[in-house]
Amino acid sequence: MNATSRAMSDQGPLNGRGPLSKNDMAALVARDIPQGAFVNLGIGQPTLVADHLPADSGVVLHTENGMLNMGPAAKEGELDPDLTNAGKIPVTELPGAAYFHHADSFAMMRGGHLDICVMGAFQVSATGDLANWHTGAPDAIPAVGGAMDLAIGAKKVYVMMTLFTKAGAPKLVPECTYPLTGLRCVDRVYTDLAVFDVTPQGLRVTQTFGTTLDELADRLDVPLLPAEA
Amino acid sequence: MNATSRAMSDQGPLNGRGPLSKNDMAALVARDIPQGAFVNLGIGQPTLVADHLPADSGVVLHTENGMLNMGPAAKEGELDPDLTNAGKIPVTELPGAAYFHHADSFAMMRGGHLDICVMGAFQVSATGDLANWHTGAPDAIPAVGGAMDLAIGAKKVYVMMTLFTKAGAPKLVPECTYPLTGLRCVDRVYTDLAVFDVTPQGLRVTQTFGTTLDELADRLDVPLLPAEA
Amino acid sequence: MNTQLCDHADEAVAGIEDGSTVLVGGFGMAGMPVDLIDALIRQGAKDLTVVSNNAGNGDTGLAALLAKGRVRKVICSFPRQADSWVFDELYRAGRIELEVVPQGNLAERMRAAGAGIGAFFCPTGVGTLLTEGKETREIDGRTYVLEYPIRGDVALIGAHRADRMGNLVYRKTARNFGPVMATAATTVIAQVREIVETGEIDPETVVTPGIYVDRVVKEAATA
Amino acid sequence: MNTQLCDHADEAVAGIEDGSTVLVGGFGMAGMPVDLIDALIRQGAKDLTVVSNNAGNGDTGLAALLAKGRVRKVICSFPRQADSWVFDELYRAGRIELEVVPQGNLAERMRAAGAGIGAFFCPTGVGTLLTEGKETREIDGRTYVLEYPIRGDVALIGAHRADRMGNLVYRKTARNFGPVMATAATTVIAQVREIVETGEIDPETVVTPGIYVDRVVKEAATA
C-alpha cells in the first residue's frame, strides 16, 4: 500500500529555531509521517518518534521480530517476556495487531510493503548511501541485525542523526568511509541542524535550525541545494 | 521426518493371485505405507489407498491445497465448500489437522518433508522417469496441477497404474514417449500384474500377480531383475 | 494507507485498468472471490492477464470473464477440467494465450514477488516441457531451474473474516492462494463473509495482516 | 514418523552428534529453548556450528554452551550485545568463527532450506562487506546477490503449546525464528510450556504442523 504524502510546504513551528534536541527531531519526523502509514522505527533514537505520533494518526508500527501494530513500551506490571521490540525492550500490543514469523516479517520488509523506516546512522553519503552497522574498527565485532534488510526494503528510508560527531566531523559526507549498510537507499536525513532530501539532483536542504544554508555549505564537503520555493 | 520402512519380506496374501483390481492395488500400496508416514495421495485411483489404511496406522494425509490430517470424503450432510481435496472433492478434517496456504504447502512438498506420494501415470521409464500430465496429443490442453512438484518433492514416489494400456501397449517403457513430469523420480511401480522397484541396478520385480517374471520379460521392452532372496 | 471498507463490490474493483495483471484467488470454488469477479465483468477492464490456479468452471465467475473476451492470457496450473468448456473453446480457437505453471511454482513465484526475491532456483519441472529454454544450474549435485517472480497489478481474493484494519483470516482449504496473492499485487481487494471490529481477531491467528489489504467488501450473499 | 513426546530435555537432545549444525530459536530470550540448550551442554556434543539470531547473553543458555568450548562457529545477525561477553572474549581470542548474516537473509536462507529452493537472488546487502565475493546479477534494473540455503542437522526451538501430534503454536513475538527453523533441520526438537490432547489446537491456528516436529518436551519450570 502506498501512503499519501503529507505536504512539506508547512515548515512548522521548529523552523528558524536553534539546534534541535533528540526529542525535537523525533517530533519533526513524526510530523512527516502520513496518516495510516506502516512504519518501522529503528533501535535507539528513532524509537522516540512513536511518542510524537498523534493518537489519531492511524500509523501502524512494525517490529522486525514479527509484529504489526506494536504499542508503546510496557510499563511496570505489563512486562511480558514473549512480547518485545527489535531492541528486546518489552512492549505492548494494540488492537488489530498481528504476529508472524521472521521469514514472513522480512519478506514484508524486503518486498516493499513498509511505507517508511527511520534509522540512525554513522554516515550518509551525498547519494544516499547509508553506513550504520559497523565502525570498521579492527577490533569491532560486526553485528548487523536487520539494518541491511530495512535499508533496501522500506519504500522510504529516513535517517535521524546529529549532523556532526562529537569530535566535529561531518556525518553527511561525499562518500561513506565506514562500511556500508546499503547503497543509494536513504531518502531523507533529519539532523539537529537541518533536514536534507536526497534527490536525483543532489542534497536539498529543506529546513535549517539555528544555522543557514551558507553556514552548512561551509561546514560540509558536499554540494547543497536550497529548498524549493 | 523419516518414516521407518516396513519390511518387504512378507509378500502378503495377494502374492500368486491373478491380476489385481484397482482395490487390490490400493490395498497393496496401503500395506507398504509405514506407521505414522506423511503421505500425499494423487487425484483419482491413488485416492483409494486411504480406504485401506488401518485405523491405527497413524498415517497423516496431506492435500496440496493446504492441509495435513485430511479425513475421508465428506458424506451427505457433511459437505463444506471450504474443505476439499486436490481433486476438489469435499473431504473432512481429522483431529490434529492443520491448514496452511499454497506456498507453505508446496514448500512442504518441495522441501522433502512428505514421506510418500502415490500417483497415477501414463508411462514410467526403466530409470524412474515419470509421465503423467500430458498425452502429447497436438489438440490436448496441457494441465499439470501439482504433479511436477510432488514428483520431485516427496521422499518416495510410488506409482499406481495398469501395466498395459487398453490397446495392450506397455506403460513401463525404456524411455517415456509422453512429455515428462519428472526425471528419475519414481521409486516403485504398483501394477495389476506386478510390483517393480526402481533401483540403481534396474527394475526389480518384487511381486507378480497371475503372471511370471519370464512372461513379463517377454511382454516388456525393459530389462527386469528378479526379487532378492 | 488504511484499508478501505467498501459498500459494494463495484466500489471495490473501481479503477482496474485495461491490460492489468489480475491475480485471482481460489482453488476450484473454495476461496474464489465470485462477487469481485462479477464486479470486474461489470467494470469492463479488458486485455487482462489472469493468474489463477484454474481457468474457470462452468459459465460463471472467471469463466464468464473469459467468455466476455476480457482476458488476453491465463497463467495457471490446471486449465483443463470437466467444466472448463469456456476456456477450452477460446484456447482451441487461438483466442487466448496460456502459460501453464506447476502449481507450486505458481505459488512460489508470487511469494517471491511479495518477498522482494529477484529469482530463485527451483527443482520442479527440470527436464520437462514446462521449463524448456529456462536457465538451469546444478547446486550440490541437483539440477534447478531459475524461476522469476509473478507480480499482479491487482489481486482479487476471498477470505472468511476481516477486521476494520484489513486483517484477514481464512477458513479451511479456502485459504489456498489468498495469502500469497495478497503479498504479490499492488492493489489487493478482498471479499469476506464478515467484517468485525478491530481487536476482535486474535492477533495470533491473523493470516494476512492488513498491511497487504487495500480494500475489503462483504459478500453480497451475506450482506 | 509420529512426533516423540519426551519426558525430559535430556531424552529430547539424545544423539546430537559432534560437528552438527544446530539451529537455535529465539530472539533475545523470547522463544529461546533454554532447557534444550542446558540439556545439550550436559549431552556433550562438541565442534558445533550454531545458527541463531544472537550469540548468547549473560552466562547462561547459549553463552554457557559457548563458554564450554563446544561451538566452533556461530552464524548469526547480531552477536554484539551489552551482555555478550562470553562470545566477545572467545571471538577476540580467535577461538570461535563468526559468520554475520543480515537478519532477513538468515531467516530466508533457512526458509529456502526447508522449502527445497536451491538458491535465491536477494537484494539485501548488495555493495556491502557482507556480500563481498558473492555472485550478483541485475534483474529488472536492480542488483541482487545469490544466497544459498542454511540447513541444520538439528533445530532446538521454543514454542508455547504442542498437541500430541507435534502441532505447535507460539505466543506473541516469541514466534520469531521457530517456525522457519522447524522446516530447515533434519531433527527438530521443541520445548513447550504445555502439551495438550490432539484436537485441542484449532487447525486454523497451527503455526508449525507436526510434520516438521520430531521431539517435544515440556519446559521444566512448568512441568
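Before moving on, here are some points about what is shown:
Note that the chains are named A, B, C and D in the order they appear, and that numbering of residues resets to 1 at the start of each chain.
Criterion: a contact is a pair of C-beta atoms (placed from the backbone, for glycine too) under 8 Å apart; a residue touches a chain by one contact, two chains touch by 3 or more.
Keep in mind that what you see is a predicted model, and the values were worked out from it rather than measured.
Any chain that touches subunit B and also touches subunit D is listed here: C. Interface comparison, A-C against A-D: more C-beta pairs in contact at A-D.
Averaging Cα coordinates per chain places subunit A and subunit C 34 Å apart. Put simply, the C-alpha centre of subunit B and that of subunit C have 30 angstrom between them. Here the CA centre of subunit A is 55 Å from the CA centre of subunit B.
Within subunit B, contacts with two or more other chains are made by residues 67, 93, 99-100, 107, 109-110, 153. Shown for subunit D are the residues that touch two or more other chains, namely 108, 111, 115-117, 122-123, 170-172, 203-204.
Chain contacts here follow an irregular pattern that is not a line, a ring, a star or a complete set.
Touching chain pairs in this entry, ordered by label, are A-C, A-D, B-C, B-D, C-D. Here subunit B touches subunit C in the complex through residues 63-67, 80-84, 88, 93, 99-103, 105-107, 109-110, 134, 139-149, 152-153, 179-183, going by the rule given at the top. Those residues of subunit D lying in contact with subunit B across their complex are 1-2, 111, 113-117, 163-165, 167, 183, 198-199, 201, 203-204, 206, 209-212, 214. On the subunit D side of its complex with subunit C, the touching residues are 108, 112, 115-123, 137, 139-140, 142, 144, 148, 169-172, 202-205. By the touch criterion stated above, subunit B contacts subunit D in their complex at residues 1-4, 34-38, 58, 60, 62, 67-69, 93, 95-100, 107-114, 153.
Of all the residues in subunit C, the ones that touch subunit B in their complex are 27-31, 77-81, 87-88, 91-92, 98, 100-108, 110-111, 122-130, 160, 170-180, 207.
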